[in-house]
Amino acid sequence: MLRQNPMLGLLVFVPVVFVAETLGPERHTLLFVLSVLAIVPLAALLSHATESVAAKTGDTVGGLLNATLGNLTELVIAITALRSGQYLLVKASVAGAIVTNTLFMLGASFLLGGLKYRIQEFNRASARLQASLLFLATIALLIPSVVKVAEGDQTSFTQQLSLGLAGLLIVAYALGMVFSLKTHPELFAAAEHGGDEGAWPIGVALATLAGVTVVVALVSEIFVESVQQAAEDFGMTPAFVGFIVVALVGGAAEMTSAFSGARKDRLDLSVGIALGSASQIALFVAPVLVLLSYVLGPSPMDLRFWPGAIAMMLFATFTASLVTNSGRSTWFIGVLVLMVYLIFAMTLYLLPPAAH
Amino acid sequence: MLRQNPMLGLLVFVPVVFVAETLGPERHTLLFVLSVLAIVPLAALLSHATESVAAKTGDTVGGLLNATLGNLTELVIAITALRSGQYLLVKASVAGAIVTNTLFMLGASFLLGGLKYRIQEFNRASARLQASLLFLATIALLIPSVVKVAEGDQTSFTQQLSLGLAGLLIVAYALGMVFSLKTHPELFAAAEHGGDEGAWPIGVALATLAGVTVVVALVSEIFVESVQQAAEDFGMTPAFVGFIVVALVGGAAEMTSAFSGARKDRLDLSVGIALGSASQIALFVAPVLVLLSYVLGPSPMDLRFWPGAIAMMLFATFTASLVTNSGRSTWFIGVLVLMVYLIFAMTLYLLPPAAH
Amino acid sequence: MLRQNPMLGLLVFVPVVFVAETLGPERHTLLFVLSVLAIVPLAALLSHATESVAAKTGDTVGGLLNATLGNLTELVIAITALRSGQYLLVKASVAGAIVTNTLFMLGASFLLGGLKYRIQEFNRASARLQASLLFLATIALLIPSVVKVAEGDQTSFTQQLSLGLAGLLIVAYALGMVFSLKTHPELFAAAEHGGDEGAWPIGVALATLAGVTVVVALVSEIFVESVQQAAEDFGMTPAFVGFIVVALVGGAAEMTSAFSGARKDRLDLSVGIALGSASQIALFVAPVLVLLSYVLGPSPMDLRFWPGAIAMMLFATFTASLVTNSGRSTWFIGVLVLMVYLIFAMTLYLLPPAAH
């Protein structure tokens, strides 16, 4: 297996990061680099296990599984930040995960697939449905941020609204599961592409999925503890760290799967992972974090976002709707979507710290 | 007929509300409840009469008729508010009618139809055209609200702009009638579905349409006089009353028709009523109210909306474009659209009164 | 030829405007009128030459050529304004060119074509691709304007961001050329329509294209020198001049081609010119102007736009996406798109000068 995927050699960094954390918990930059190096091969393992399951169960269930497990990482990172009361980081990572999944994961999938195949087709009806779902989920998430009230009433109004919103979002998420798994599973079924050579037996694959997810979670904790300090050493702003770095590392597992799907001309899988994962952040991760803040956090967290983050989330979901609308993709569409992401990243990198 | 539609039993509240108004004009909560109870069966009558005409003339003319007569109710309500100078209520009811028609009527039609039929198809070309029309009408309506000028120049600038805008919107509305009735009627024609059993003769249907509309208008006046006071008793904010309550009651007739169309798998009728009615509010009702304010109101009314209302109108029309784009619907699309509406309603309900 | 196109008689104003400029360089209103009268026939010549080339090379290359040469005029006008440090005028003309190309050129093409042909079809895949491109280019251009930072950091932040952005946009533009000319030219190829009667030989056509472009540039300089002063005499605001007058005159050449394409039922050509030209302004003209401001201007120019201009650019690109999505057009779609443009123009015309 190592011969097939040399990246797995990086697995050696998994024990190394735990040892390093025990020996020198204050060496933030080293721990940051080591934890990123450890997450990458774990993500590859996760990707292979997911594809093994997907080969047995169809792209739909595989895609959902992938999105769920991939977002577990993001959830763990966000919960760690929640506990220490870093609400700005939590919100930046929620917004960043939506933007990164939609623009970076989708754009890079289109580009990587498009460099190998001239024009790639994917299931238009399914992509449109998922883009609509993502759009509605994002709007729901953004309402408390666009409604302004008098200063004195702001806090209690936003808090009540965020709590009610969290409830509605979770209900919609549950109904969405009923829809995609029970009543209309065929809408999410991608065309058959064959090619499950090298797939693990389903038992091994499921065990790997579960075990590796736990290890990813543990490494992610080291990552989140070190990332802020390391970021300062590298000259990054907190906005950039939350939006870009946390989102990229937290989504590494899903990205590996999405990119590998694109390279195999299974763009349905890539689009499903990217849009499904972004929707799940908005419909599930965000409201769960609000509810958990009442239990775990020093004070209740609301769902008000910084205006720049609102604009970026809206632009990202519009872009997703637009580029998936035709059911066809080429390398240049990927370039343009990535360019929008790069411009967002550049903006956040240059942002003076006080603006966040 | 009563056996077919037990709701018609509620017609008894029509004389009751007029008697109650004569005997106790200051019993606002009672009058509010009675007038709502009276409007519901009148809406059902209107719906049956409209369907009878539609069965004879095709869904297009039926849909237009329906939208026109349904919006007469909204117009009467708004004119009553205009006369007493309640411009905030007038604007809230205009914005609320667009949002309620687009999100609630469309979403509930999709949900009600989708619970009966697995996947519903509707005329994509026609839905896209109507969604484009609605989008352009809404943008036109919103321009004066997004352009900010220096404080001192604001009033005269907004007033001039609103007047010019009202003229342009009415011209566009008239041209739209030429387009949909004269030059391109086939674009609005829905597929034949048969099934006009129980239809009234066209003479009876037309007479009922006219007569019931007048009664609806009279009851609506009692409704609008009592609604503000009753709302306070129920703990609703003025924003919630204008946006949600007035829009839901004012649109009850159209909703009955749209929902009944969806349950009969005639989703073209539902989409046509919902989007057509919303467009008509923007292109016709809003500019007519601006012009009438010069004659009937204490001072000229402009077309500046509160920022939260602008965001809601924009989100609603984007949603309409997105979900009608594919020409197919399922119950879950309906759930999501209704969820966005619920979030808007919740936001308005929680809003501190001063923010409106 | 004069018999075929009586507009060419206006060519007499080309020498007249140069003579008038020499004799009375301070007669601004006269020079303004004369330069507009001179640009119109030059635009017609340019249009005929471009169509001759297009007849030989296919609509794609013809369309690109047209957009490039048409935008040369806008570039020359903007560079003249840049040199004299009129950055507000430069930015207004960039925003205005995007809005005018998208709304006026597209809307008038739909209307003019629709008055002759009942329903016009155009290449949907190509139009969607170009609309996506335009949307992404516009978002890229608008990011620096939607991100607000603390007052003290604003200038250096915006300047750095604008410079980085200019680099990214130019890279995307170059990759777009590779895409449309090298790797996927067939996506831009319109259906064959025949009808190249009266086409010039390719040598004559290319020589005319080059020569007339230079003359247009020279006349445009006189135009830009006189326009501000003349505008004041006519009671127009600076915002209206930059957004509407400069954009309409600067785009006259492309408009003649787009409208003539629409009248010949070659709507692919019209949509290609309108959207391609708008994209090129965002991806090429705007970043080149930022870079040139370091060399030619009194100080570096950034890419921050006035909030009203942002809203207009966003609405214009959404409109373009929406109305080209179906690949079909009728006269009324044209009317609605033109109405949005008219409302923008009216707003800018009424704007108190200080708001710009």
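Read from first to last, the chains carry the letters A, B and C; within each, the first residue is number 1.
By definition in this document, a contact is a pair of C-beta atoms (placed from the backbone, for glycine too) under 8 Å apart; a residue touches a chain by one contact, two chains touch by 3 or more.
Since the structure is predicted, the reported quantities are computational estimates derived from the model, not experimental observations.
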Looking only at residue numbers at the chain B/chain C interface, is the share used by both copies over half or under half? Answer same or different. different
Can you tell me the C-alpha superposition angle of chain A onto chain C, nearest 5°? 120
Could you grab the centroid distance between chain B and chain C? Build each centroid from C-alpha atoms only and quote it in angstrom. 39
Counting only residues that touch at least two other chains, what does the list for chain C look like? 325
Interface with chain C, chain B side, in the complex: residues 125, 128-129, 131-133, 135-137, 139-140, 143-144, 146-150, 153, 157, 160-161, 164-165, 168, 171-172, 175-176, 179, 183-184, 187, 321, 325
Give the list of chain A residues in touch with chain C in this complex. 118-119, 307-308, 311, 315, 318-319, 322-323, 325-326, 328, 330-333, 335-337, 339-340, 342-344, 346-347, 350-352, 354-355
